[in-house]
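Below, chain A partners chain B and then partners chain C, in two separate complexes.
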Partner chain A sequence: MADPACTAFAGKTPPRSWGRALLLTLPIALWSLFMSLRGLLQPDRSLQIASALTAAFLIALFFMMMKTSSTYRWRRWFFVALGVLFPIEFIHNVMVLRGSMGIPIEEMIAGRTPFCFLPIPLLILPAALTKTLVFPGSLLPGGGMAGAGMAAMAGLWLAITLVVGKGWCSYACFFGGIEEGMAALPKKAHWKKLDPRLRLVPWAVLLAMVLLSLALFEPAYCMWLCPFKAVSEYVAARNTVGMVQNGIFVVLFAALVIVLPLLTKKRTQCTFLCPFGAFQSIFNKTSVFDIKIDRTVCSPCVLCQKSCPTMSLTDESIKKGETLMSCMKCGACVDACPKGAAVWHIRGTQVAVKPERARLMFLYAAWAMAAMFGGTIITQDLATILQRVI
Partner chain B sequence: MGGPFLVGEAFLLGLASGPACVASCGPVVVPSLLAEGAGWRLNARYLSSFLGTRFLGYLLFAAIAWELGVLVSPPPAVRTLIYGGIHVLLGVALLWYARSIGRGCAHACAASGLVSIGRVGKRGVPGAAILGLLTGVSLCPPFVAAGLRAAQLSNLAAALLFFAVFFVATTLWFVPFVGMGCVRRNASVIFVARTAMILVALYYLLAGVAMLAGRRIYG
Partner chain C sequence: MKWPTSKLGYTAAGMTVVVAMLVPFLLFGLFTKGFTKLGLRVDEMYSGGPTVRTIQADGYTVTIHKAVYPHLLQTEKPFVQLDWKPVNALPQHVSDAVDVDGDGQPDVRVSFDVPKDPKTPLRVDVDALNPRYQAMRNVGKQKFSELIVRVDDAILVRVPLTGR
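For the complex of A and B:
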């Protein structure tokens, strides 16, 4: 329960002054500029412009978060931009490299594929038991088209994940943006009653895919279920089975990333399929940041529940004053709550005591990660587009 | 070769192949075991049933391997057909199992505590037994290795003994699964296990049909 002496901090945080908002943005501005320095110093004019635009974009969004004390809508601009631009750049690259999105199985076996974080949970058991990576890429730098080794990527992922938990899915994932953009388009949801058990499907997918990956010695999710193969790279189909595999990718993408988000206003692929998301949920237990519902001021109007894009709030969880472990820390519930009952929180501290401070601390960590991963990707994407335009 | 050497060879081969056996059977064992009730006794009973029929499958395979001598390395087309058929059967059994979860408890078969598939009641067959038999006759790599060795032995008894000892050694790797009895079972866990089972079953069905149709899964 909140300390009565501190109730002034509970409720909605009022908008900040320009000066204070600028001051709070300063660390992220410096970080964003540092991240874009590499591009700014390149002789390529397109890359210079793209780097400057990306840095300005990231700084402006963070400034608006500080100014308005609202998180979700500004983060969404970044996230959708990342989600939309990533496939454009990726498809452009593979088309330039080999003229097709389909990668021949021989090239895949030779490890000429970029690293993707989605199969990380599928790699753990085979690696632990046989010291073998069942992903067609290199463990060391230089492997794959992206040039970065898996060890470096996985190490970065782990370090960040331990801090932000499932916040990864709202600030770093380059796949979730498309469906978040789709979910933002309709004014209201047409399908409102979704079976809450569907939330458990990602755990089932995770269990099945981890076991199949170990049995088949391959990243089973990438081979059979990943919807994002439809907008990135897939094994070139040479027979009926290959066509079936690619058909599964396209159907899942169309259903879970395009149609269902439009109908439900939810991130349906993240909520009902993604095994990486389920795996990432476990790290919400290690993260110091979470979202709490201050029961002393909650009505409850369930606006937080309706606004949550991943169905991570239920009647029971609201009664307990917390979110489910699938919470992606996107901030939608905090922004939606008219009474300021949904608050950012640091584990081990009192609920609703200086929640804005908890929000700031989380956002600094999450936005620094966003600038590092997403910012780099957006820069490359913009540079590619500019090279075509200029 | 003398008996002790044969036993030792079979045991070491089984022990070394155990992790591969666990990996191969994992997609079948783990979700179906999670879908059973909690408690290590019940889980031990499931594993006994599963491993018992898996042993039967092994012996059956050993007998055929010895009799034919060449079954473990038949022509690729025949091998693919056998693989495909077993995959399809396994897929169907898993789907049936998933459908049967929670159905048998209100009936007489609840006495056994294990999920029954087929006819509900006393005549229902524990799903674990069917899954064990099907995984027992599936041609996983360690199994093929044991089959090759069994086919070289001079008599049927020796081949059966070789497979029996091989089985005991691989079974040691399954003992930790009894610990899954400690996992609390609630509606969510059962739902996850059931859905995972359906996904695995769909994979086996698709792969099996592809193999029967003479299609390669990759490339």
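For the complex of A and C:
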């Protein structure tokens, strides 16, 4: 018997029964519990509680995705939790270790600069041409805030990208949740007319930063433009240039991560600046999952276009029945479409035939990655907070 | 003729789910090992370059690194890094003439105080006994190519080269 939700139809997928939703949640429930086992088996009570809470949180959200057949609003809870908790724990750790968010030069020389995924595209050309990593971290675990090292972060990025492609920006990025949370606060967008050409800026930033990083042999984006330095760490200002750099971080964070998402209800940093997001868009071409617009039932009311947090739907793309390559598979357009014309899709298959099957397969893969990566981060963050509270 | 592409699509989607399950057990480790085996190294402007030789002093050692030259438009000067360690074996005031290039003649005289509190900022004076090296007066840690810092159990001094 085919699942009625998975048959060819025009219209929204209906909500499921509790039993069916529970059954569909079971694999992710087992996976989430397995991922939290390491924390649950530790003697640290805070870590045990944090692991249990995180697993319950992830399972509950996935259950609601199955029950309501909507994706975006439940995923957003996870993503915002990740985006809010990560900086809190990170800043706490650097303050405990160093007493400052500024990374001193001796920590850079010692290779203890924490490595996030954002500089990955900037390191490729210098590494390919000179076998040199232009980042003051460690390839292997280097102690201090270096974490598991650059190789582990790169390995994790490659593995998750293989699974979700550009979906990284919706299920793995531990910064995007801040602006997604900000964008969720107002009921309506105050700024509705945004120049669509601004979408090209991240590609320009990517090109400029890749070339600058090669020319200057330093991670240029981290040194000059990353807004998230304002909520993680930055090179301790040793001179006027350093102070200017830190000023840029704060201004960009305030503008693109706080103010503009509040005014536009869009993820403005991701849409108008992030070079990593532009780079990650390339992997949309290699991903088997995408979002399509079923032209046979589309009115078009452009609600999908209005709901897209990264402006990845245009009049032209809707006419073609597809999203732009910047689509991060958050599911906002699918949830917003009143006619069920925006659908999850597996490449090679017919559009709007068994779209719920496509959604389920994508969500199993994406949520497994979210539980493994984001879930681990949320657990650590919660444990740190609980240690301070208990 | 949609059937074969549909089947391929669903197979690929199923394989993606399987790959997702394999990430923490196999792929993460595999890719991480792969990256470490690429032979990449951290830029010497940060790491200080490979060690050339070590000079034994009175209870401590001075390690000399290979000279580091900036790439393309890198704004730093070429430099050579010298490490004094262990810190707890150093006298309160260090003033060593160091033969950097190994020709038997001292090239620089490096002088600095070793405060007991590791958080006290360090300052260094370098006298150039060979014109290849640049003299420094009361330098802290403003630039990667001319500095004195404490890293773990060592005090690192970077002496800029003049290019002569």
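Criterion: the second predicted complex is superposed on the first by the 375 of 390 C-alpha atoms of A that agree within 3 Å, B and C clash if a C-alpha of one lies under 4 Å from a C-alpha of the other, contacts with A are read in each partner's own complex, and residues count from 1 in each chain.
Here is the rule we go by: contacts are C-beta pairs under 8 Å (C-beta built on N, C-alpha and C of every residue); 3 or more make two chains touch, one makes a residue touch a chain.
Keep in mind that what you see is a predicted model, and the values were worked out from it rather than measured.
S.K.: Could you check whether chain B and chain C clash or fit when both are placed on chain A?
M.R.: With chain A aligned, chain B clears chain C, so fit.
S.K.: Figure out whether A:Val244 sits in contact with chain B (first) or chain C (second), or with both, or with neither.
M.R.: first
S.K.: Check whether A:Ile105 is in contact with chain B, with chain C, with both or with neither, and answer first, second, both or neither.
M.R.: Both partners.
S.K.: Here's one for you: vertex at chain A, rays to chain B and chain C, all C-alpha centres; what's the angle to the nearest 10 degrees?
M.R.: Nearest-10 rounding gives 50 degrees.
S.K.: On the A-aligned overlay, A:Val235 touches which partner chain: chain B = first, chain C = second, or both, or neither?
M.R.: The answer is first: A:Val235 touches chain B but not chain C.
S.K.: Looking at the overlay, does A:Ala215 come into contact with chain B only (first), chain C only (second), both, or neither?
M.R.: both
S.K.: Does chain A have more residues touched by chain B or by chain C?
M.R.: Looking at chain A, the partner in contact with more of its residues is C.
S.K.: Considering only the touch criterion stated at the top, classify A:Leu207 as touching first (chain B), second (chain C), both, or neither.
M.R.: Touch partner of A:Leu207: chain B, not chain C.
S.K.: Determine, under the contact definition given at the top, whether A:Ala358 touches first (chain B), second (chain C), both, or neither.
M.R.: Once the two structures are laid over each other on A, A:Ala358 reaches chain C alone.
S.K.: Looking at chain B versus chain C in the superposed three-chain picture, what is their shortest Cα distance in Å?
M.R.: 5
S.K.: Going by the contact definition given at the top, which residues of chain A touch chain B in one complex and chain C in the other?
M.R.: 104-106, 130, 214-215, 238-239
S.K.: Mind listing the chain C positions that touch chain A in their complex?
M.R.: Listed in rising order, the residues are 2, 5-6, 8-10, 12-14, 16-17, 19-21, 23-24, 27-36, 38-48, 70-75, 141-142, 144, 147, 149-152, 156.
S.K.: Along chain A, where are the residues that touch chain C in the complex?
M.R.: It comes out as residues 31, 35, 104-106, 108-111, 126-127, 130-140, 150-152, 154-156, 158-160, 162-163, 214-218, 238-239, 288-289, 346-350, 358, 361-362, 364-366, 368-369, 372.
S.K.: Which residues of chain B touch chain A once you look at their complex with the stated criterion?
M.R.: 19, 23-27, 30-31, 34, 188, 191-197, 199-200, 203, 206, 210, 213, 215-219
S.K.: Along chain A, where are the residues that touch chain B in the complex?
M.R.: Answer in residue numbers: 104-106, 125, 129-130, 197, 200-201, 203-205, 207-209, 211-212, 214-215, 220, 223-224, 235, 238-242, 244.
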